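My questions will all concern the structure given below.
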Amino acid sequence: MSELTVTSTYEGLRAIGPWLREIVEPLDDDVAAPLLARMELALQELGTNTVDHADSPDGSFVLRSTIGDDSVRIELRDRGRSTVDVSTIPTPDADEPQVRGYGMMIIEQLVSRLEYAHDGEHNVWTATFEIDHPASGPENSEH
Amino acid sequence: MDITTSTHNVDIVVVAMTGRLDALESAQVRALLTEHIEAGSHRIVIDLSAVEFVDSAGLAALVQAMKRSRSAGGDVRLVRPTDANAYRVFELTKFDQVFDIGDTAEDLVSGW
Amino acid sequence: MDITTSTHNVDIVVVAMTGRLDALESAQVRALLTEHIEAGSHRIVIDLSAVEFVDSAGLAALVQAMKRSRSAGGDVRLVRPTDANAYRVFELTKFDQVFDIGDTAEDLVSGW
Amino acid sequence: MSELTVTSTYEGLRAIGPWLREIVEPLDDDVAAPLLARMELALQELGTNTVDHADSPDGSFVLRSTIGDDSVRIELRDRGRSTVDVSTIPTPDADEPQVRGYGMMIIEQLVSRLEYAHDGEHNVWTATFEIDHPASGPENSEH
């Protein structure tokens, strides 16, 4: 498990990529690279939403990672007092290109699973990324 | 028959970017593009070939400029990022079908 | 992020004609347009607003230039003749649907 | 009846318009103007075809007009030795803009009737243009 405290500014978000890079370090390159790209964009969008929309009195939020054999789980925990009603977030209209509002749409396509909870003090977003192990027969499987 | 010929010049502005086009850079990019459009240059090629990362805020700066320039009779056309990961946000939002996207700035300028 | 901006100029040639665009004039018009296209100016506005008469040979000169310029990534766009009779040949051959046609040269230049 | 000998060159064709203008002179302006426009384009195309395709040894052709109450008939007579097979003249393909070959298509849309005959020495084209009299009740009909 690894933890990162992120300053709740656009500049602060720049720390997320290098932290994710360390997390996927133990994995084979061909697995790590595409996983890192998915995670980096998804966490950038989740982080931007926290900066833009969460009412965060201490100006920072915390990321925690757990890496398993088959997935990486990243938890984003802010001190935002406003609870989010995920079901009311609108999906952009495909026929009418708009300028903003694509964040959630992007995240949902990158994560394997996204959960949201509010535990009294914090908004907690949990993003799970399944690891795409290269197809391998039972013979040469080394897991 | 009497024939008179005159030549008119139009500008194509080429903006080449490197590094990250993300929420942090988005305001700067937006301001730069607005400046060109308000100065009357509404034909803009944005060369993203060397860009490493684009998020939805970076995309938003491009979309806003594209909408403004199209309504002035121009367009914002893009050179595709060499890094497939930096192109992902265009695919996920389907803006790869909204922008006119080419392989090099020269192609886009000469084919305008 | 590093941003570099450069400006490229493209030419739009505006050719304004008066009188009759017919079999007699067609060769001259064809030669003039070929000259521009071969010199690399493949964005051409032909202002027919003051033309009195157009026949199929006159039309042919415009069509040939339009095909050549389109295959070079440009176009030949027309300002509609003020005289409805001079526009008739475009309607009868359905070339009114093939050409991009506008009301003034300024419109066509600024909207290119 | 009126007759015009036309030199078989593109420049010679320039005489046709003024000659047609005289023919429609007796008619009311609102009838004459659109009729003249139709006839001028149709005869320009017929004349161009004669210049381009007819094998005319004396370098000229003759136009004759007959004006009736309801129509104007124009006959074009050249000394071309080649007979024309009107049925083999191809119609341009609507989907593929071509540079030439629209002459007959234009003529057919402008004339009320077009006849072709070869009388041994001459190709004879007869184009009939019905006169569009403005709609008028029996009361104020002055014909």
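Per-chain numbering from 1; labels A, B, C and D assigned in written order.
One rule holds for everything that comes next: contacts are C-beta pairs under 8 Å (C-beta built on N, C-alpha and C of every residue); 3 or more make two chains touch, one makes a residue touch a chain.
All values derive from a computational prediction rather than experimental measurement.
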Note to self: Could you work out how far the Cα centre of subunit B sits from that of subunit C, in whole Å?
What the structure shows: 28
Check: Distance-wise, how many Å sit between the C-alpha centres of subunit A and subunit D, to the nearest whole number?
Finding: 78
Checklist line | subunit A and subunit C, separation of their C-alpha mean positions in angstrom | finding: 54
Note to self: Residues of subunit A that contact two or more other chains, please.
What the structure shows: none
Item checked: Multi-partner residues of subunit B (at least 2 other chains) -> 20
Check: What topology does the chain contact graph adopt: line, ring, star, complete, or other?
Finding: line
Checklist line | Set of all touching chain pairs, with the criterion as stated earlier | finding: A-B, B-C, C-D
Item checked: Residue ranges of subunit B touching subunit C (in the complex, touch as defined) -> 1-21, 25, 28-29, 32, 36, 41, 73, 109-112
Note to self: So in the complex, the part of subunit B that touches subunit A is made up of which residues?
What the structure shows: 20, 22-24, 26, 53, 55-57, 59-60, 63-64, 67, 85, 88-89, 92-95, 98
Next item on the list: Write out the stretch or stretches of subunit A touching subunit B in their complex.
Entry: 10-11, 13-14, 17, 37, 40-41, 44-45, 48, 51, 92, 94, 97-100, 102-103, 105-106, 109-110
